[in-house]
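Labels run A, B, C and D following the written order; every chain starts at residue 1.
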Amino acid sequence: MLELILQALFSGVLQGGSYALIALGLALVFGTMKVINLAHGELVLLAAYIAYTVESSLGVNPVFAIPLALLIVCAAAVLVYFLVDLIRQDRELNSLLLTYGIAIILTNAIQLIWSADIRSTGSAWFQEPVVIGPLYSMRSELVFFVVSLALMTGLWWWLSRSWYGRAVRAVSSQRDAAKLMGVNPRKTELVSFIVASILASFAGVALFSYGVIQPSYGHVLTVKAFIITVLAGMGSIPGVLVGALLLGVTEALTVTLASSALQELAGMCLFLLVLFVMPNGLFGAAGRRG
Amino acid sequence: MNRLYKKTVGLTLLAGLFLGCGVAAAKEFLVGVEIPLTGSLARVGAGMNEGISVAVDIFNKTNGKHTIKTIVIDDESAPAKAIAAVEKLASQEVVAISGGYGSNNIAPASDAANKLGLPYITSGGVDDSLVARGYKTFFRINNTVGYQKAMVGLIDALKVKSASIVYSTKEATANLAKDVEKELTTKGFKVGMHAFDPAITDFKPIINKIKLQDKPEVILMCGYENDYVGILRAAKVLKPKVKAMIGVWSLATAKMAADFPDLMPWVYGTALLPFPAEFKTADGKLFAETYQKLYNKEPDYLGQFGYVQSLLLFEAIARAADNDTLHKGGVAEELRKTDRETLVGRVQFNDKGDNINFVHRMGQHQNGKIGIVWPSEAANAKPNFPAVPW
Amino acid sequence: MLRVEELSVCFGGLTAVNKVSLSVGTDEVVGLVGPNGAGKTTLFNAVSGLARPSSGRIIFDSVDVLRAPLHRRAKMGIGRTFQIPQPLHELTVRENLLVAQRFGAGQVDQQKIDEILEFTNLAPKGDREAAKELALTELKALEVAKALATNPKLLMLDEVLAGLETSGKRRFMAMLKELHQKFAVGILIIEHDIETISNLCQRVVVLNFGKLIADGAPDQVFRDPEVIKSYTGADHAGSR
Amino acid sequence: MKTNASIWVLLLVAYGAIPLTLGSNHYVMSLLVAALVIGGIALAWALLGNLGGMVSFGHSAFFGVGAYVSALLTLKAGTPIVIAMLLGGVGALLASLVMLPVLRLRGPYFALAILAYAHIFKIIATEWTAVTGGSAGLSSIPRFPTAFGFDFSGKVGSYLIILSVVLIFALCYRLIRASDYGIALRAMHDSEDATRVIGVNSVLLKALMLFVSAFMTGVIGAFNAHYINFLEPDYAFNGLWVTLPIVAAIFGGYRTILGPLIGAVTVYLIDQLVFKSLIPYGHQLILGALLVAMILFSPSGLVPLLRASVRRNHAAG
């Protein structure tokens, strides 16, 4: 039993690492722009399909797809940004509907381009098992867990040290005050969109390397990312990481202790529970009540 | 000009009447195809559709007398759209419908077809409730029992005594898993059951439970392609001490062997034919050739089912046309009289439209090929047992 | 009628209102003064229910309303205006009052609405869309009219005169003077202008940095050195 | 006066001309029924959006619950369909009770929290096999009966039922909007604090709108169950029951009453008749693009736009 639970915790933590990468992008954009980008999961999926194309047509390891994925996903994200920026009235709600529409477009475009077939990496190197004592994992999971930790540390450093990073944080917490300080909020919004798409590109390639992708999966990713940002409370990188790990571990434990059929239910219940009991999330301070 | 035109039309009509009254003439018949080409079932629907097109091509070349034309409507994997598709086809005067995937779409679609008096033949839904309705217009060439027989048959042949079943909570997979469990339990097997939500991707916790708690001799998988990949990957990492990995549909296919060469070795799944296909019958050879010509690839099981169901239907239409009973319920009548060897074995329908002879075959991935290992009379290879992908 | 006891309101680490006690009687007009950021509007928010106090008590009509939601306090008779007018969007002036009366007072009485419109000089504008077609003076008057329509016992006016030009201010003053008598309400009014306060109020309360520093008759209070210091120190002469 | 006349003409066409001329064409009638189902949900969705000021991505929850409640009542308890459909609405209303805590949440949080509920209900419907039949679903759900010598289970019958249901809902919506509650709700849209300090219990009013919207969607779901005669969790709680109505409501104009209905019929028919032949596999792409375009260029929808242009023409003429 102990062995089972240890493995569940381990699997959950690894899964949480990649969830965190996706959620972080969503949280960053929400922080600066107060916009939930419902097409975020589709952007991640787009990167995953680019990885598939690169792997299957060039026969190389999917990590070599990262530059191309960065290019395309960033371009797509910038386009999304400019569309959202065009909204004039009632931005909070209209942006939801707008990005929802973009998500529909992307899902169907992905299906048109890559067909409904399921895809996953063929790289044997990535699928090699790695055994640490009683704990098992796939090499790709470990590799990308480390990568996502590194990215998060980098982002944290960037947000706290660089001028742009501080501007992003300033805009997230006090938009008007930031303006007075000479920060151009629109520029920082764009930067946050680009950073989010960089994270999404890595997350997408990771997803392709250890999981199975299909066109309808983007929506699931968006919802999971949103759940994590709620768990975290807005605007805290460690919070997002903890929220993601919490979700990953909860899911894995539900499978181990109850049934896998209840895994999604457990995630949703966790989400609602936190929403009601701790409306500001585990770490957040910003209010989300009306 | 105008008068000439009218005259021609009049003459043609007259001629048509004459011929129609006399011996049935060679004629083009419209057949409706209601099938998912988008949505969650897009992939399997497209596979079946390929088989249907092959059937049209072959029938039109070989029949010599009648020809068939199909009208394809995408039902978008949605019941309401499936009904609308059937109704639209009816308004375009099709004589019967071939297609459908997923019992949830087939049930309402065939219901609508029944109301309109259109025969409906499918291979896309194995749920028992479809035939329990007892419609006179409904036919299908496969069923859960056939899959169950194949799985249990293989397990018997392998002489193991315990199994863990990993199954998706979707309807077809859950039903099959429970039926197999029931049969195995009555045979004195030790069976562990593990349901999973179709949305999950990480199967390690489930496989670990099987590895540490169930400790079975074989793992049975009732799922779809993405589930198999996830399960096999998790199993490859955790390496449970089992002797075989056995799945059902969409697994022992050339496509899976090509896409996931490192996951598939020695995995079992239902398969109609070995790969590379060895078609012994003339019918089979023709099918494979035509398929190759139209789609430039080896046929898969979806294509084979789609082909068989459609060819049986077209033949029944031809017979009904010859007997001049086409519009008097003759197609359904002729379908019911079907008794024929096909690519999926002998087909005979009972009064509820189910194929009483349907038993699937089990194949095994063997060095990039697929060998049929059960039943022995259809086998072209010996099962490699015990063997797993790791 | 209104008794505030030891009330504190905190935002994060900042104490906006610090242990303030004051009272307003049914037949009183009380002025609330103090430099910007002294906590006057926060006090209003706490009493009307928009801000959540961290400690203290709010007694209205001998009932503790500290935990009562906004709308219940409005129904009990606490009415207020906003410094920046907040007309109800998409509604006409008359509909504004109608909603206030229907939900605040509990029943609709067209005659009373007419009376209020007349009193606030809004009668000619009754059918205009409030948010789009009114001038600032009228918007300020609408704030008062809306509050009156809820049939309040206590009326809290937040800088109703600020931003008005001289003639508008004079008319408004006349209206305010009548208000107390005509509608039988107690009034608590925030105002910067010392002259206005002295003219209107029987009593004045002074806040500085969230603390109550004086409470008494206007001529007395405005001579208090601490009050003068707080005003001049914060660079706030009364004539703005 | 003029709008009254055009409404009477519209009613005459909907109840008279359409069934008489198109009644025998099963395909067109089934398209119309499906469009009205989408229209009904769009109406309920827009009611919540317009009066309650809330965007919901979880209306499939109400649709599914209504469908299941009505189907199970008729199948297992033999309840007459009309009553079962109403109870389906009540079931959806009860389901919305557990969502009350979400009402305190703002914009995006509400929209996605309600989506979480839809997921939860779907999983419950899948797992609670003993009652719901699990993923195999329920089949042979009773059809509409024959009444007054007219067979309501046919296409025309079903069309008349859903048409009437949707029109009754539209009328209710109109009454609510014109009531004191409706006026207060309209005011709340942009100035919530100002409405609250004059005594409006905003949470209660929003809750009421959620109830009404849930009830309406539940009844529509129940209708659909008896029309399709089949239910399974994936279908009953499908995301499409939200996507299409949202596109329809935004297209037609969600701040109007008839906008969502007109939007639904237009969008659905164009989608099925034009887009589907343009891009056979994946025509939803165009729906997405339509939604994006509407939000960017005419967020208040087509109906107000048309009305404005008509008014302009009048002024010019």
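Quick notes
We take it that a contact is a pair of C-beta atoms (placed from the backbone, for glycine too) under 8 Å apart; a residue touches a chain by one contact, two chains touch by 3 or more.
Not measured: the values here are computed from a predicted model.
Without subunit D, contacts among the remaining chains split them into A, B | C. With steps allowed only between chains in touch, the distance from subunit A over to subunit B comes to 1.
Greatest centre-to-centre distance from subunit C is found for B, with centres as Cα means. For chain pairs C-D and A-D, the one joined by more C-beta pairs in contact is A-D.
The central chain here, found by comparing per-chain C-alpha centres with the mean of all protein C-alpha atoms, is D.
Rounded to whole angstrom, the centroid-to-centroid distance between subunit C and subunit D, based on C-alpha atoms, equals 44 Å. The distance from the centre of subunit B to the centre of subunit C, with each centre set as the mean of the Cα atoms, comes to 76 Å. Averaging C-alpha coordinates per chain places the centre of subunit A 48 Å away from that of subunit C. Annotation: 32 Å between the Cα-based centres of subunit A and subunit D.
Shown for subunit B are the residues in touch with two or more other chains, namely 38, 40, 42, 169, 197. Residue positions 111, 261-262, 264 of subunit A each touch two or more of the other chains. Multi-chain contact residues of subunit C, defined as those touching 2 or more other chains: none present. Applying the touch definition to every pair of chains gives A-B, A-D, B-D, C-D.
By the touch criterion stated above, subunit B contacts subunit D in their complex at residues 37-38, 40, 42, 74, 78-81, 83-84, 87-88, 90-91, 103-104, 107-108, 111, 116, 127, 129, 133, 169-171, 174-175, 197.
Against subunit A, the residues of subunit D that register as touching in their complex are 55, 57, 101-102, 104-109, 111-113, 115-117, 119-120, 123-124, 126-127, 192, 239, 243, 246-247, 250, 279, 281-285, 287-292, 295-296, 299.
Per the touch definition, subunit C reaches subunit D in the complex via residues 48-50, 69-72, 74-75, 79-80, 82, 86-91, 95-96, 98-100, 102-105, 108, 131, 146-147, 149-150. Across the interface of their complex, subunit D is touched by residues 30, 36, 83, 86-87, 89-90, 92-94, 96-98, 100-109, 111-112, 219, 223, 226-227, 230, 261-262, 264-265, 268-269, 271-272, 275-276, 279, 288-290 of subunit A. By the touch criterion given at the top, residues 3-4, 7-8, 11, 15, 111, 115-120, 122, 124, 127, 129, 136-138, 211-212, 214, 216, 220, 251-252, 255-256, 259-264 of subunit A touch subunit B in their complex.
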